[in-house]
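Going in written order, the chains are labelled A, B, C and D, and every chain counts its residues from 1.
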């Protein structure tokens, strides 16, 4: 079995992939825990959850591929891959003809375009600023005193969306509060937030040369309001895979599988670059 | 760390020179040459031969990297201005350039030009000058103009030095720098052929150390380094061959260069410290030396984002370079807010895409000290070329 | 005796002050309330609380000047002035020899250069990004699970301040978490946090010439750690009044008194406030 | 806002300006449709429109197109398109708007814009010009001539500088002869230069009118109205006629004692271009305080004449060269800009200086922090520093800008700046005539 572990800034996501079944890979289990201070410990917890779901013992794991900002922090990894490569790989597995990807996590926004062969053609990530990423919504939900899980669906009920002009995840707070005190509904505020986030994302997507439709992954993809805002802003179809937040972990596992097979097949190891660190 | 030649110029020593914000080497030169003047120049190019012929030490300033906390310069240059402008000014304000007797700027960008005059106001006791390098290389009038411009500068330097520089002194300087550039060309060729033998951050250190050393010393060090490297051997790594474009002025932090290599890249050509490697052929050391320098600037220069030459479009030159170095990809390594590099990126990008060469744009600031984002971007890029 | 009020409706907290004038100027009442969602209400509550402290009835107040980001929302105010003018005025009142005022509030930081007469000569502000503001400190406190009152003193115990990789108020959370994971002590982390903000603030403030004497105002002035960090980076001592948090409101109250005094010429803003 | 309506002067100037500018766009449209007249893409800075006039060629100024797009709130779309092509967020947005509009076929006028017969880059100071015109030539497939104008590194240009420019101007003449198929008409060139001289005379006198109190002329916002004809028609009889009318109208206004604000309260000098996407909102911020811009550096980008320079028909090539080398804002060095501003504050009796930092333009903005230091700390001039952009609407924060403007004028008001100011004399005043200006040792 292959484990793909995505160590994100907010959550650690793990996927267990079956490597036995010929060419096709199947996901046997998933696990997610909040990223704590001790990355290794949290990663083990996430792995344990996934193993539980797969009803497998830890010894069943033959290969571990890590990704995400903490990819270097696990001592027990076999390979580490960036979240962009693994996200692209995961999407290509789920949507073989995919053209462009948007991945919005807790602190990051990534736009990726794929070439016809499904490889990463271009990508852009947000700068040293949390504007436009998932934490913006987490904060907004907090100010609005609604559970995060409901934010996406509430936004769908908006009648008159109120745009947010501040790009700063922190300063937007006073704007949101102003809207509240002016009597704007929570739905309209949320919808406005999604619209401005979609605006920002569309800029990134344009810069990587998005052409057709979009696959949207990462934790924020679970929020329907954001999906709709993107569809409206971009005028394209937006696909969200089930378990959108696990796509990077899946991609990492797939790449791990590929490497393991290659290593088993050939005596010489291929690729290797960053992996075979000195 | 490998040591190249313990006595002359080993890599750790070079790194130390680059990072020395006290410019001890320059101070030492001044102590050894009482009354001698040190003339700094801002990137990209300056006619160092003329400075040398006047018995002065040319010092190439390329910012201060992350070793300087910017406290004053932000107030003078504000937002949306590249780091090197601020680190240069910060060094001056905090007294780190007190050794300097004068400084040259030239036609590279608007920020640098304004810095020349802001510096002049703040430090009126020093000699500041702006060299107008012609941008109409196709016109015969340009050579004549540049020759006159160089003569103007020569006069200024001579009066600062209190002595004349005759043609022989100029020719001698030309020969010394010709040799320096030849050695650097050899080192670059060696790295291109055997990137496993000479890492780019090492080559870079050797190159940049020359900015602070008398050319004679640098030549001797490079000769020794070259001899040693030619004899050496190393195990090839599994890396892609990339070419770096866009770092002609502000320099990326050494750690970033290292990181790029560690992420799985062989850098097979670059435009670091481009001014020291400006000429593609030797400057003629016969005839009128000033005319030779002017004429070489217009007819024997490398292509560069800060020099317009209608006869040789830069995008084409970049593609030719990538082909001749057998580069798998181009890494546009651009200083944040560097306007000439940003503009050229647009046409470069079109050209490399038309030529089917993969490329990545990576921005940096010389004052940065963490590179998480850059690491992710370079690794992804390498992965996209390696995995299928 | 005549009374005037200044109400500083900040992004985070609302400060109200009552000034009295009989032969000498005195501050006779002050109040501090959280701004919260209802800006208008906060201003009203602050004003009433300050009247109570001054033991006067609201109608005894002859003139009210509003300031701060919510100044145009004060229903009962007679006029508005920018927080820049008010902080300069208030700081000059407390420390007449002050030449530079650094104000650090909840969502912005500013520096004001003032003339010997207390007039604003030049100013800068940082208000498009929460990096380096009171919010940054509040976030850091949250992540470390301690109160705002504690972070300053704790930061002073740090001997090896960490170097933060970001000044983004959001990202700093993960930065702090990763330092904790590396086993860094909270006091060293806080030391780093305070220094990072101090550097940022000072380099902003240098845009106005930073002539001594320098006064620190705003809510962050209550944070002793920040005062020391700023002093360290500046290489100079700061003047901090116990009323620092109220400086803007004091300035506004002084302007209000002036308006009471002069049968003032109809200036543009007063005309506008009647709209 | 009622105040703005009051501040905006509307006279014959305005209707004539509209006519002239739409005639210009019509000629460009004609060139686009029929291939004639010849058109030359040119930069405003130190432009050599006299040479074009000699060939009956029409100038095409991309800056005018870009600013028109911005004023009409149409700049964002082309900017975004250019960014998709790879232009950076931090590239000059004038270039992005122009290139984006070009590729999208957006024209600021009713008609079309032609593919220029020649892209003539008068490299006068700004290095972005070089890139801009390189790109413009590539994207339009037009020939490019790079007219290299040595930067002003001393007080005035050297003989060699002038010779270099004149030699290149003669190369341009050869190119234009080839392109237009006409022989260069020296007599016509001299006539064009003579027209310029007359326009420059009138324009200078208009600028000097602003020394009066109240100033009959807003040297920033209203100056922009006059700048279109100044650059497009300077070397033609139409330009002479227009500026005669303008001068007459404004002199009459001055004679009646009318000002931009009848109760002018503050007089300010402006440094930096305006935020075109928020032109109106920005103007309102001045109107609110009855603050009149009495002088501005932006209005001297194309040429600086109020200090005496005129094109001289005796030696027309040299005159054009001198104008490009010395008598325009962009080719003058930063310290010369300080001197220019200082002279404005002194001779135009201003209360303060407003520095508008625009993110696009490093030529203008790089180092304005030092400028602020010089004016506040060395000279003691009240100074306001604000940041936004001249073309990209994303960088204008209205509330914050307004807050800063209010604070600045509150401070001036508090200091009593608007009271007790002597009336400005109508001629140029001597040095340090302005009591507001104190040099702090």
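Methods note: a contact is a pair of C-beta atoms (placed from the backbone, for glycine too) under 8 Å apart; a residue touches a chain by one contact, two chains touch by 3 or more.
Keep in mind the model is a prediction, meaning the values are calculated, not measured.
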Open item on the list: If you average the CA coordinates per chain, which chain's centre is most distant from that of chain A?
Closed with: D
Task: Centre distance in Å when chain B and chain C are each reduced to the mean of their C-alpha atoms - done: 47
- [ ] Find the geometric centre of each of chain A and chain B from their Cα atoms only, then give the gap between the two centres in Å, rounded to an integer.
- [x] 41
TODO: Could you put a whole-Å number on the gap between the CA centroids of chain B and chain D?
DONE: 36
TODO: Scan chain D for residues touching two or more other chains and write them down.
DONE: 369, 373
Task: Touching two or more other chains - residues of chain B - done: 74-75, 78, 372
Open item on the list: Going by the contact rule already set, what residues in chain A reach two or more other chains?
Closed with: 128
TODO: Make each chain a node and each touching pair an edge, then name the shape: line, ring, star, complete, other.
DONE: complete
Open item on the list: If we count contacts the way the header does, which residues on chain A are in touch with chain B in the complex?
Closed with: 69, 81-85, 88-89, 117, 119-121, 123, 125, 128, 255, 258, 270-274, 276-278
Open item on the list: Which stretch or stretches of chain D touch chain C in the complex?
Closed with: 288-290, 369, 372-373, 376-377, 382-385, 397, 400, 403-404, 406-408, 410-411, 413-415
Open item on the list: Using the touch definition from the top, list the residues of chain A that touch chain D in their complex.
Closed with: 203, 206-207, 209
Open item on the list: Which stretch or stretches of chain C touch chain D in the complex?
Closed with: 81-82, 84-85, 88, 113, 115, 117, 119-125, 127-128, 207-209, 267-269, 272
TODO: Within their complex, state which residues of chain D touch chain A.
DONE: 80, 83-84
